[in-house]
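Below you'll find a set of structures to go through.
Consider the two complexes below, in which chain A is the common component and chain B and chain C are the respective partners.
After this line comes the complex of A and B, so read on.
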């Protein structure tokens, strides 16, 4: 692997670290990200988080792809990638629905950036991982189940 | 020649009583004809496949399950057919050698007549015989080759690495191999395999940090001028079902999208035949075949299903054949393709049972096995007890061997209940057989054998049972891990496999009393996946118990009552625990 790719990827891993720190409560969300209000990150339910983000009633979309493991290898660092094919995507948020505070991260995409984010999140139990995409003033959503299991007993 | 079941049993009884074993071509005329292993070559591209031999170098007995339930769309379809249902599906004559190989029916009687199965010296003879007609064929090893016996554990997998090389393996993919640790795996691949020209392929093992391939995703071979790609698919849930700390820097998973990418790349580079050597398990393979296009055949393992013929799976661009080749060296899959005009015109597949008495031992392999076992012979042959009971493991819920393990755990540890993992490997013993240290190690030889005694609430016990049950019976195969249900000693329960997680297990009782969610119980177990657990190895605990008992007799098999699957479910038969 060349040095340039390593550096680029290091940058990406750095972004992931921010999100994990937020999820773990190590960093106040308001310090890390300015996009959505702090109350959204503190909300205890998906509905409240959406409401506090100003994103109530998002539309289900097939143009959002979530790439995450079917079964997490380690619930403390679950890799999640979200790709939005919706034109004018300006923000992508991730929720782990059954976490105590479901909103894990919210990314603002500026200057025509590609609708793609990659990070690692912490999950306490099996749950839907939900992506919430903002585009042209509307919100869209899609979800994928990630199972967190006790392990052992295979084959 | 056709016999009905009664006639067959009479013949078996006579044969067994007179000490006759099927060591010649004539013992049961028509059942194992002299041309049993004559498999004329079809076409011009041939792949031989064995999988999940679990380090059994010598012939053994292995009983197929009488419970192998299919969930959702898998109901009543291969591989979820047991006993008579399987025979009917594939037109196998009851009482024939194949019927004995593919089912549990009349096992103890038939085993005495047909003798043991597998063994690398016998497998070598069969491989060489088939390769004589197929000089440029490939031999594929589906993994779970290095684990499952005392000698593989004690030689740090070296006995099996060398045996595989001597057998003529060309390409391999891993699962339990990883439990020798990432460093050991890499050492074997870079040294032993490299020197011998063996490729270990796994498209779904990448580094945690940068997502780089750890091993080659596939290899391209040429046979009779036809380019053939073999893509590797390791067991996707290795770091979950087995200890994560043993492969800390690697990520696995199913990875359909990258599978598609490698298939497309192989085709673009001129492959006319693209196959996957898979340790997904059959249900996962069937789903993958419906989603990924351009694969001609998947040679599968992990779930230990002896499936006589491939399942043809339709997808957006064609058909993929999905096979599964059983376990314990009991079978060798033979796939012949006729490739002309740049594509496969037709195929012929056989899953050949390896009857040791019908295949002379290859002298070279035989000598190697003797040599590698010699330093351990006295330890292996220690007679711990004799069993009056029939001891087997395979089945969705429990086996008598596992009952023996949980009985021993509860007795030695003074526990209210015990858990034993739902492994699908482990050999079979007939009534009257001695239980040697070697046979005990067949059930227990792993690199994390520690036993534990924990205090658990009733609620926690239920959570664990629900969790494992979901790994087995989740309606979506991609969430299945391919083991069987955790074996439970001391706790009786009812299970509804068609329910969802949290709702499958009910009516749990300990010593006749309902399990109290808040009460604590002492629960023994073994094979912890967490790091840093200490405890006496399971084989020591069970050996202590066996030496004390001397004779194993009247084991009471604790099987759950099964509800919601129907009385005529083709995935269950001769079940004593109650089914509706």
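After this line comes the complex of A and C, so read on.
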């Protein structure tokens, strides 16, 4: 974590500060603050999202555990817990495959962070919840189906 | 604008278990207002960073696909009780918030 980045984050002007930093070429626009380019979050399909993340062709892995309900009554709040047993896990991304934009979140793990993330996501309809794990430059994936009774992405 | 954020960090063996609850509407921009029929503008957290004693442990990119009032749990190996956890977030409108907690 360099000092510049701290200053950017602390900057009172918020997005303005980031924009200035981007304009000045201090930060790469595609990865202003996180590991995955924002374009991956706008991708409308799992394949495009993976491509924009630079993670095409992930390997299926049994060392990734996804803890999520089999049936979620309320798609607006679906608890998802991802544990990666793969050594050197550096990033975990979570996707809800049939959401309008499948990539929900991406977590870059640093320092002593363990291969574990717990959060709550929205799901528009029944679909696979996919975890994409980056470890040692390779990408691994696992998926679990969650049935959604009431979708949480519409009105 | 920024509502308080809650962080709880506890040691379990040599691993710190950090739980963060952020206050945010997390609008996707795809939802319609029931009364007006107009789309509710997108308003969601895009970036979350966490540090332990000033060292980065987590950098997250979020989307509107995260539930309202986001919950985030992660585990960090190494810190000791009394170490400081700081969590920052920034949303797509440039709002930001920061909170800190002591690992107990």
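FYI, the second predicted complex is superposed on the first by the 115 of 155 C-alpha atoms of A that agree within 3 Å, B and C clash if a C-alpha of one lies under 4 Å from a C-alpha of the other, contacts with A are read in each partner's own complex, and residues count from 1 in each chain.
The rule we apply is simple: a contact is a pair of C-beta atoms (placed from the backbone, for glycine too) under 8 Å apart; a residue touches a chain by one contact, two chains touch by 3 or more.
Model, not experiment: these values are computed from the prediction.
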Examine A:137 and indicate which partner it touches, taking first as chain B and second as chain C; both and neither are also allowed. neither
Could you say whether A:114 touches chain B, chain C, both of them, or neither, answering first, second, both or neither? second
Output check: A:73 vs chain B and chain C. Expected answer is one of first, second, both, neither. What do you get? first
Should A:149 be classified as contacting the first partner (chain B), the second (chain C), both, or neither? first
On the superposed three-chain arrangement, identify whether chain B or chain C touches more chain A residues. C
Using the superposition on chain A as set up above, list the residues of chain A that contact both chain B and chain C. 1, 9, 13, 79, 152-155
Hey, which residues of chain B end up touching chain A in the complex? 144, 175-176, 209-210, 212, 235, 237-242, 244, 251-254, 257, 281, 302-303, 421-425, 463-464, 467-468, 470-471, 476, 478-479, 481-483, 486, 501, 527-529
Touch list for chain A against partner chain C, complex: 1, 9, 13-16, 18, 32-36, 38, 41, 76-79, 81, 96, 99-101, 103-114, 116-122, 152-155
Would you mind writing out the residues of chain A in touch with chain B in their complex? 1, 5-6, 9, 13, 67, 69-74, 79, 126, 147, 149-155
Of all residues in chain C, those that touch chain A in their complex: 15, 19, 26, 28, 30-34, 46-47, 49, 51-52, 54-68, 70-79, 88, 90, 93-96
